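Shared between the two complexes below is chain A, which pairs with chain B and chain C, respectively.
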Partner chain A sequence: MIKTIIVVGGGIGGTMTANNLVSKLYAEISRGEVRVLLISNSPWHYYKPAFMYVAFGAFYKEELRRHQASLLRPEIDFVLDQVDNFEFKQSRLRMRSGATYDYDYLVVSTGCIPSPERIEGLQEAGDHFYQHDPARKLYEKISTIEKGRIFIGVTFPKTPNVPHQCGIAPMETTLMLDEFLRKRGVRDQIEIVYTYPTISQLVRNCLFLQKQTGEVLPSVFDSKGIIHKRSFTLASVDPERKVAISEEGEEENFDILIQTPPIRAVDAVLNSGVSQAPNNEGWLPTDRYSLQLEGFENVFVMGDTVDLPISKAGGSCHNQSPVICNNIAGLMRWGKTVAEYDGKVQAVAQMGMDVGMPLWYDYDVDVIPTPATKIGGLMRKGFNRGVYWSVARGLV
Partner chain B sequence: MDHHAVTASQPDQLTLFRKYASSVRRDRRLSGTSVRTLTLKSQLESQDSVTLDVRIEQGVVTELGYRVRACSLAQAITGIIAARVPGLTAPTLLAARQDLERILQDAPPADSALIWPELLVLQSAAGMPDRHEVALLPFQVLQQLLTLEENPAQQHEQE
Partner chain C sequence: MTHQNPETSTQTLEQLLECLPALKNEATQAGLADLLDKLAPLLQGRRLHNIVDLLAATSDVIEMTDDAMLQKLMALYEESIGGVWMLTNALRYASAQAAANSTPPTLWQSVKKFNQNEDARRGLDVVSNILAELGRQSAIKGQKMPED
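Let's look at the complex of A and B:
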């Protein structure tokens, strides 16, 4: 009987994993023993990291998306629909269209949703760059501001050890903002304040906690006149007074507030009843090594949907995908999982508009910072403008 | 208080801290009729959760299992406790907990007086009173399990 593998989610994790599954199981697929479906609720695949560049007018919508089907190997059945209910016990998906799909193996890669509405006043008065339209709105503000104060903050999930989206993005955008405003000739009239919340200190495995990076960054900020302070955990925003209020009891005024917002899992994952995450965040309990959904041997979780202490970023998916493909193949062929995820993440951090810093880390080894260089910047540009699409296709 | 500065000046403690925390990353569960299990969650918004499985023979913990879904503080403490099994007793556990409470109050006993010197890896957490409840959670779970063993009339298994 033919085995069905369903990948849910058309982001980078789901797309590369569907393609990688075909490579891994090509013999079985060729013999008609296995089929692979990818389900996404959008006909488009977006290069999400480019939203950060949209905020600086350096990337446009048509440049950062491709038709989802064009990124998939021909052996994959692409289904344009939305999962309404994950019925993990029955190995079944119930769809918005009314259809149902039974599966033998499932990969959940449904991402996360920025939710500024979870902090009072943030939706009205704050900005972020994690989606296209908010990034465009931010671009309009920073490309016209002449003087004032830009206040930057980071919100972490409440779930222990689960970081925010793309650990280094707030620092990247802070450095890009400095350069952007210098090019506009208004930097001297605008104060940039970078803050980090208390909760991330010591108890969170996030980038600023990472010792060596933490030691380097203040001097980088100092050299550019960027004010930086710790212990500002955003509690609420007063849009009338343009004031950000912290859990620690401080008030900070702003002309533009760039805040990494709270995040949560998508509705179908939230409603599955499987998550144990607090604050209705919905992260799925994921085995740190096999990447299986706890209690469900035939379900794997990756990317932003996991509850792992690892950056929610494409660089995580890149390392999780082969583990999942090998484990599904292992279960099908030998009845057991055969690969383990070591927490590895890699990226090229954008440390200004034209310079980059390759970085990598895993569960046990922190980022070892290297000097930001133009060669690093070229690597990042190359990834942004071309290599990414090969990664999505499972070629790199 | 700048915790980054504190940790930066104590690289060995930070390395040790991470070593203990990472030692319990992989769940280790025990099963069988002689195993007692207890899960406790913090009252904080983060709902940190620590589950311990134990085998206890005549008041001595002989084997420990764990599932930690909590911040790094509770992970490190669980790792420290796990490294002290087998052979752990209720009086030793109580003494270690009292030492930890003093460390978290930034008033640690003299090194020579510490029952478990490795508890000093938690010294940097003294300035984070909001998280002390979570740091103590593994002690609380194991102490309750030992109490249950001493008083079998109480509930035999909780989870």
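Let's look at the complex of A and C:
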């Protein structure tokens, strides 16, 4: 009897995991005992972190996407369809096309969806860079503004100790924005205000979701004339008055509002009824070590869909993927999981248009900030322009 | 150019070192002493200069690398890695399929398979196009060029 492993999601987590599963289980696959399917609702694979660069006119759409099938090993069956329902108890997927797929093992890597409509007025008056079209729209604004006030804010999920998408991105874009406006020669006429909400995972009234990094930020921002403000949790936006209103009762005017929006899981995950997350955010209850969906031994969750206190970013997937592959192999070969995720995430933060800072952290140790360097910047650019695709192919 | 008294300059160096708290640490001093032992022959033979020159050249390359150069280098990287990956995938997958048959197909069966399999025909077309392109480039190389 052939065992079927299905990976749902054509983002970086799903793509690298499908490729890594073929490597790990090649003996079984070549004997015809195991087959691997990857299901995605898009024929394209997007390098999502590059949307941030689109907002600064530094990346074209054609440069940040590849045909999904071209990134998969030939042993993987690629299915272009959308999951409508996860029937975890029956180990079955119901698809938009009407098809059903039964599985022996499932990897859920369906990402998250930016949802600015969840804050009153934000959809109409706010901007963000977490998707291509909004990032293009933001570029049109910041490349033409001559004077005024750019207000930057961050929205965290309501689920306790769960981060927003890519924790470092708001800080990165603030520093890039400062440099971008200086190059345009309009920085003196534009006020940049960086704000952070009162509750950000386990820290309170800080400028970043990890205390040590939050403590070095004021001097970095001061040196660039960036105004910084704690405890501004966006409650609503008045598009007519161009005012952001906080839960703390303050009002701030803006000419451009760059707000990291609320996020939620995809519809099929929300509809599964398994999530216990508040505010209908849909994060799946995930074992922090084995990465199994709680109550379902044959289902694994990774990337943005988990309810763990770990960055919703590709750097998390990169470390979760080998754990999941090892655990599926362990269950198939030895009847038990063998690997544990330690919460490791690594990345190179873009600390300006040309400099970068390599960073890493895990469940126990936070990021230790280091000075940004040009070599760090080259590492990040090299990753953006080439190494990423090797990561997706499971080569790095 | 002025020459300082060696005694004065040593004293100045000592004063400078006194200002660095890290150098008052015993482990740091022991580590530095070990390092100096290793470096001494390189310094004496002027061979450390090459390492410094190498560092300077590396640093120059980093300074000179701009967005355009980096994009070209990474495109080369991706095309190379992606190309090798595609070819090795095809080779491994095709070998595994061939090995799965206990008896290889007859020539007639192979031809029939070619005829029925669109991907196989397309693959043959790719090979044919590659050969045509190689031929075109060979023809260019073989052309007699007029003198300027």
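Keep in mind that, in the parts below, the second predicted complex is superposed on the first by the 388 of 396 C-alpha atoms of A that agree within 3 Å, B and C clash if a C-alpha of one lies under 4 Å from a C-alpha of the other, contacts with A are read in each partner's own complex, and residues count from 1 in each chain.
We take it that a contact is a pair of C-beta atoms (placed from the backbone, for glycine too) under 8 Å apart; a residue touches a chain by one contact, two chains touch by 3 or more.
Bear in mind the structure is a predicted one, so any value in this text is a computation, not a measurement.
Applying the stated clash criterion after superposition on chain A shows that chain B and chain C can sit side by side.
Of the two partner chains, chain B is the only one that A:215 touches; chain C does not reach it.
In the superposition on chain A, contact of A:160 is made with chain B only, not with chain C.
By the document's definition of touching, neither partner reaches A:90: not chain B, not chain C. Contacts of A:280 after superposition on the shared chain: neither chain B nor chain C is touched. When the shared chain is aligned, chain C comes close enough to touch A:30, but chain B does not. Of the two partner chains placed by superposition, only chain B is touched by A:288; chain C is not. Considering which of chain B and chain C touches more of chain A, the answer is B. Superposing the two structures on chain A brings chain B to within 23 Å of chain C, judged by their nearest Cα atoms.
Counting contacts as defined above, no chain A residue meets chain B in one complex and chain C in the other. Those residues of chain B that touch chain A in the shared complex are 2-4, 7-8, 11, 14, 18, 22, 25-27, 45-49, 69-74, 124-125, 128, 131, 134.
Within the complex formed with chain C, the residues of chain A that make contact are 30, 32, 73-75, 374-375, 378, 381-382, 385-387, 389-390, 393, 395.
The touching residues of chain A, counted against chain B in their complex, run 158-161, 198, 201-205, 208, 211, 214-215, 230, 276, 278-279, 285, 287-289, 307, 363-364. The residues of chain C lying in touch with chain A in their complex are 62-63, 65, 67, 70-71, 73-75, 77-78, 81-82, 85, 89-90, 93, 96, 100.
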